[in-house]
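Below you will find the structure I want to go over with you.
Should a chain be cited, it is by its letter among A, B, C and D, assigned in written order, with residues numbered from 1 in that chain.
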């Protein structure tokens, strides 16, 4: 990642609001999410991302983590942090999909504190769908395709 | 982040080897790092990043998390995952610095499994240095400046 | 820890229900709480304990983790696991206090899945109240005393 | 859990030293192990327990978390905290076994900071061995029996 990945996205992401997302999930922060500086450590934001998206997929019948033949492996993640979250904040995670490939999906997640309308942090991760046993990429199963289509948004080109 | 951040970096990052980093730190994986798919969950990689860099800074006398007047807040993180890590792997984290601003530092971290020479995952985070009390950006203290200079590498332009 | 906390409680704890607790707090489980066996790893239960009690104390004005003169250090913890929790379960943590010493408090926590009336897991931790700077034990501040009195229950002797 | 595990051990545990354990494993602490008070949060100690024991079992060929027919479920855990650990401490976990039942094992773990000879924290957990599919208790497989026999110590009655 030789390019300064931070700057340009910031301009765009600062604008992100609840209405930019398609599905919402409540996350309760935990005491140990806070690090020595008194705010949620940057690492935990990614556990909120995982949680929001996988909970959506499980609820939609599009993911069976224990027995499904197809699972999603994470190949890329990123996050920009604008305002700190801190326990005991309640967090709403908004999710959306901005790219669907043959065997991959890009999920974007925004984290909102309490009733605020602007993201405190926003990021994304990319799932590659693979066969559970062989770990080789496969096409999106129909139920997953339907679930992610429902989250798809058009994003203007950079 | 409207741009497909995944693809181009991959080409470059696949080449990263131990010699591309400037300082190394051993991380022991933990039982609960593995998620239901039997590999280290993508979230924990970021705790390895934090750990490697902060341990270096503390050892260099450049960071006092409890009492120092200047602390580093994370404003941006990203990671690409090439090969899975899994408990009980032993991991070596290599670190380097690719950008030093007036009040920010970009740390890049590569994670190596056992004795392997190519990264399993590589990413970065950006610290903004702030006054502990006011949380306003400040210039790099001398000890920090010296510590990060020692990690600086020239990265070819994209 | 003057009383044998381990054995007898088992018989008792199996009987514990929502009505045995005095305050409740919702915990949302997370994807990475599940370990390779598909259930919440035993470790995370303790983060639920911390979270429920500290959130109660903060809400009651009895704990200021960042600036308060008195903080609680954990000297003892234990948990019995009866039924597994698993992401994406929603968990209710019930809390109560069963012993208040000059500078210590024993908090007991029960974890309930969804609407169930019997605990899936039950445990406790003991806080010793100390001066933040000296880390020497101190008497309970008035606000804390009031907050824990409100959670106090009489427990029959073993 | 027929024996009162809580109280008497305190007196005993304060005496525990490296020589009281049978196998050792190095744990590297992590930045985010520290909570807002600047020490390793009480929760993480349990992840050190899990890690030390499971790593021993995997190394001994007595546990295959992904495919083995028999897995260990944790039904009871406890820990006493004597001296705080803090990142970036290096920790040695000593393990031993004090009870082997038909389908259960009690593992005890002591955590040592750096080169110190007395435990900073000591605790235990009880595994019930179950069939992976049915989750019903089963007798200890031979390889496991051999591995835990090697850790067995006689503990004087309370």
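The criterion applied here is as follows: a contact is a pair of C-beta atoms (placed from the backbone, for glycine too) under 8 Å apart; a residue touches a chain by one contact, two chains touch by 3 or more.
Keep in mind that this is a model prediction, so the values were computed, not measured.
For the pairs A-C and C-D, the count of C-beta pairs in contact is higher at C-D. The chain with its Cα centroid farthest from the Cα centroid of subunit B is C.
Averaged C-alpha coordinates give centres for subunit A and subunit D that are 35 Å from one another.
Averaged C-alpha coordinates put the centre of subunit C at 22 Å from the centre of subunit D.
Per-chain CA centroids place subunit A at a distance of 31 Å from subunit C. Residue positions of subunit C touching 2 or more other chains: 31-32, 34, 36-38, 41, 43-44, 47, 50, 65-66. Contact residues on subunit B toward subunit A in their complex (touch as defined above): 1-6, 8-9, 12-13, 36-37, 41-44, 46-47, 50, 65-66, 71, 73-81, 84, 98-99, 108, 122-126, 155-158. Note for the complex: subunit B touches subunit C at residues 31-32, 34-38, 41, 43-44. For subunit D in complex with subunit B, the touching residues are 26-32, 34, 38, 47-48, 50-51, 54-55, 58-59, 65-66, 87-88.
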